[in-house]
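One chain, chain A, links the two complexes that follow: it is found with chain B in the first and with chain C in the second.
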Partner chain A sequence: MAEVHIIGQILKAVDFDEPHLYCKWSLQSGNAWRLVQGELQGQTHVSSHRLQNSSDFAQPLDIHLCTAAIQGWPRLLVEVYAVNVLQQCWPVGYGFAHMPSTPGAHRLEINTWKIAPNSWWQSIKERFGGGGTALHKTDLLYSGVERYKLLTRSSGKIIVELSLIFRKFEEYGVEFK
Partner chain B sequence: MYKSSAPKRTGIYRIKGNIADLRLELKLRHVSEWLPVPKFEYTGAKLNYGDHYPESPRNGGWSDCFIYVPYEDQYGNNYYTYYNYYNPGSDYPGSSRTSRTSRSSSSGIVAAASRTYPSSSHSQLGEQPVDAAFSALNPELSNGSTASLYIGWQQKHFSRRELERYGDASQCKTTLQRRYHRWTRHIVELQRRHRLRVQREQAEQQIRVRRRRKSKRKSAHSKTPPLSSLAISECSVETQPLPPPDDPNFAARTCLVHTLIDADLRELPQADWPPEAQQLHDQGYQLMFVYAQLQQDTLLLSLRYQPAEGLLYVYPDFSTTADDMDYVLQIDNDCRQLYAYGFHLAAIDAGAANAAQPADQLLEQLPTPADSLPGSEASAEQLVSYYQAKRSGASALRRLLQFQLPPKRMRRVTLLLQLHEAQHFEYPNIHVRYYVNPPSHTLLEPANPNDPFPLRGATATSVAGGAARLAHFSHCWQLTLLCEESHEPHQLLHIYFEVISVDGWQRERCEGYAHFACSLLSPLPAAASAGLRLQCIRPMGSWLDALNRYFIGGRSLFDFVGYFKSRSRDNLIHNRLEAGSRHIMRSTGTLLFSLQKLQQRHQPLGHLLAPEDSDDDDSPAPGHSDKPAVSATLQEVLVAYVEARERIEALLGQSALV
Partner chain C sequence: MYEGEETGYQDNENGNKESPKQKQRKTRRTPSVQKVNDPGVRAPASYFTLCITGQIVSATFPLGPDKDYIFCRYELVAGPDWQLASGPQHGITQMATIKSGHFNDKIVFNMPIEVSYKSTSPFGWPQIIVSVYGQNGLGSESLLGYARVHTPVFGSRRQDEPTSSLSETPILMPKCPNMIADITSWLLRRQPELKDPKILLDNTQCKGLSMESYGTLEFQLNTVMRGARKLGYNWHA
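Presenting the complex of A and B:
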């Protein structure tokens, strides 16, 4: 089986409206992929920056995957949550990105979005009371035939730095073009 | 073919039940036979080599031609051996027969420990070469069958020499020998039945041939009888000897695999013990060695069990399944023989001794790693078992599946597509719909079989985004296509984007169209993976269309696919001064779109037989070359030749029809 090493870090979150943020991340892949070592999901600490509109995470990633097919190439799902002084937290950004398909160093900027409030009362509640709308089922994030019915609002970005090592792909005739 | 054997490591397992219930399944098969590539050295017609070599008993006129074969001994010294090309059976030190036993495997594929006691069957076959004698004794293995055998803990399997020795009751003096004598009767009976079966089938074959000849003679003298009047057996043309009857359990009958157990060691003189067996036996280990009686006796695996600690040491380690045949043996004789073998733990539980258990259930019986690290008070044994279990679990995962290759003469192309963002459109609340148009001679491999429309989709709607504010989509999807052989690289994959805004009154408006095309087989531009900014356009329309768009909304029927197709096909120049209003376009916003591509071609011949590579050992075996072209067997070449001939015949037939 071919192998992929994903080494890097979730560097920071930028351009979010909320100051105190943390990020849940998970790596999703097809059925032919297996985790050899490392963690497929995790969560950063809560971070905020006093001067800039960014939250530094520096969450390390070290994942070793093996695969029996090139279908189901892994993708990184990030979920950014905001925390207020009452220790309430709510999602403020969902984002996806494919893992780069070439080995080496990469910098990913994952644009995120959040669920748009669908009523006036919800938007007031989000602005003052804390807490936005969350998805009841997370599979709605990446599935759905009529996806345009999902109303979202643009949010900030997550910066991820990755170094990828591929192994044994050439033995199975895989080319990265 | 077999690029390397799996790394050989000692597996350590904690036995929870009774060790006597341990049972492993062993599989062994012959992989290939390579002829040596000799280097000829002409030493002169009248050279007297008596000063250097002892006199050969058969010095003929052709004995001056030698095959020069370099080799390397176990200490890394380079030596060479002269083989008499015309008289390979001669007995002087340079001949193949004597050097065969002294040579060691130089490739390092496997450290084949060999036992040097001679085989009685080999002595019976006298002057035959070793490979021929082995083939005569093991026709099934030589014909490509896989030997499969279940071996229990301290279960005795006899070699041919032991079979002969214990078959004679007069030589059995001790209790163990008399017990072995009883057990050998079963194998002798098996061999007798097999001989009878072969003889019966040969007799039937001769009868069929005789009937065939008789019927030919009759037909020559009289009128040919109708075909239906002949029996089926008479119609068959059998001119060649039948292959031996199928016997799936031939390994037990031919004594191909035999064991050396603790009880044997007690009766053997210590000089004949395997290396380190004495020391381990003194330390209280129970030992068991499994050999294969190939061209030379070869150690396949060794097991030792420490009853005090309940630990079982296996070298090499168990495979996930015996079918993987992870380990490779290389035996150099007149020809270089490659064998592959594998073994796995079939049962450790007395209640689970059924050999037909699926591998998953058996794997669960292996010691599993604890969820967390052992604490600081953990003993060394606990740490060893923890890391051992963790490592075996990881290696099992890595060898879980065979890599999926595309069908022959096809290429698999996986596209990773992503829509990042959009901006500068007239109205906000946009979403993007996309349509993929793959080129001809490609097949779609849907990632989700339940998806009714795998070639089209839509992003989520970005509320208040797309106009002045950036609309983040971060929408990913994958597409896998199989390119047939007749696919031409200039045929492009087309992706069409349609940007639609929906206002508060649910009025849809078309905000723009974009198009992207790429070749499936050519490399993508470097910017494609970083992100391409696609300029969107939409029909300008007349002033009435503008009023309709502002007040009523709605999407006008515009064949944007046809528009982009005609543009790419006819190279027509469309501009705002063109008379046809349907071709007057205006620029709207932009889309940020990225694309990554992976291609997979079918591997050349012989690669499919290559096993999963070593898990941790990156360094290739010394002296072992990585040349897939060399690894193709004759059979594979013949198969490829037959396939190519059929294809050419099919093509010629089609052209003749046309």
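Presenting the complex of A and C:
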């Protein structure tokens, strides 16, 4: 079976409005992909910067997958949550990115979006009451099926640095050039 | 030798209940094991070696560090398949200061890191975790933060990248979990420290931790690898 190693880090979150953020990430792939070693999901620590408006996570990713088919290429889903002084947390960004399809060092910038408030009451709740609305089913993140029902607003960016190592793909006829 | 291997398996089975069919399956596998043990056949190397060279270049604090004298302690951490072949796994740098210079200057350590590892799989790629400590005059040392970086997977940072050849990592300082801990730490002038900085390398243990980032630590690292292509790894496009 062909193998893929994903080694890298979720580096930081930039351009978000809120200072204290943490990120929940998960790696999803099709049915033919199996996890050999590593974790498929995780949560970073809450981070803020003393001077700038960014949050540094520097959370390492080390995942070893093996696959029997090219379908279902893995993708990284991120959900960014903000925390306030009262320890309440609410989502401020959803995003996903597919893993790059060539070996080497890559730098992914995942642009995220959040749900826009529908009425004035919701926008006041978003500002003062500990957050606006969240997604009920998170499979809307990666599927495009029911996206037309959503009203969203853009949010910040998550920067991920990855190095991909492939193994035995040439034996199965997959070429990278 | 065939008989010897059979009895070897039977000794292991004392504690387990095994059906006679499974026992048959095990003995059928022994002929292939016998071939590799034959001294005439040369067994292929199943591990690759990774040689990491580089240095902790400097630490930069945008508004100056909180303390006068800074030093770092670094440690190299790798997965279970990795074996340290040579070099020190941890070290402590010298005590550096910028007291007589501009407060914004970078604090140069120039601390060499030279290790080599042997491994069978890229999982658990070695990482360097650095704890930065500071000291005011002859006072006690307190923590200024932690930084971690993966050793480069593809040689070193490529020359055609717009950024410099240094890899800059943020220095993260843990914050107090509640207000009482905050007041105590201000009274005693001691920063909170993590009991084991290696939880920053583990995805499952970071939940609930609160950190503040201030400052960057610059590394310049190169790696040389040997034997990975023979194992089928596609290292470059």
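The rule is short, and it goes like this: the second predicted complex is superposed on the first by the 174 of 177 C-alpha atoms of A that agree within 3 Å, B and C clash if a C-alpha of one lies under 4 Å from a C-alpha of the other, contacts with A are read in each partner's own complex, and residues count from 1 in each chain.
The criterion applied here is as follows: a residue touches a chain if its C-beta (ideal position, glycine included) is under 8 Å from a C-beta of that chain, and two chains touch if they have at least 3 such contacts.
Computed from a prediction, not measured in an experiment: that's the story for all the values here.
Once the two complexes are laid over each other on the shared chain, residue contacts for A:Tyr148 go to chain B alone; chain C is not touched.
By the touch criterion defined above, A:Phe176 lies against chain B and chain C together after alignment on the C-alpha atoms of chain A. Legend: residue contacts after superposition of the two complexes on their common chain; A:Pro60 is shown touching chain C, with no touch to chain B.
Residue contacts after overlaying the shared chain place A:Ala68 against chain B, while chain C stays out of touching range. Legend: residue contacts after superposition of the two complexes on their common chain; A:Ile124 is shown touching neither chain B nor chain C. Of the two partner chains placed around the shared chain by superposition, chain B and chain C are both touched by A:Thr102. In the superposition on chain A, A:Gln9 makes contact with chain C only, not with chain B. Shared-chain residue A:Ser47: touches chain C; no touch with chain B.
In the superposition on the C-alpha atoms of chain A, the part of chain A touched by chain B in one complex and by chain C in the other spans residues 36-37, 102, 168, 171, 176-177. If you check the complex, the residues on chain A that touch chain C are 5, 7-9, 12, 20, 36-39, 41-51, 55-56, 58-62, 64, 102-105, 163, 165-171, 176-177. Of all residues in chain A, those touching chain B in their complex are 1-3, 30, 32, 34-37, 66-73, 75, 94-98, 100-102, 110-113, 116, 142, 145-155, 168, 171-177.
For chain C in complex with chain A, the residues that touch the partner chain are 62-63, 79, 121-125, 127, 147-148, 150, 153-154, 158, 169-170, 172, 200-201, 203-204, 206-214, 231-237. Here chain B touches chain A in the complex through residues 394, 397-405, 412, 414, 416, 418, 420-421, 431, 433, 445, 447, 451-453, 457-465, 469-476, 478, 480, 500, 502, 522-524, 529, 596-603, 607, 610, 612-613, going by the rule given at the top.
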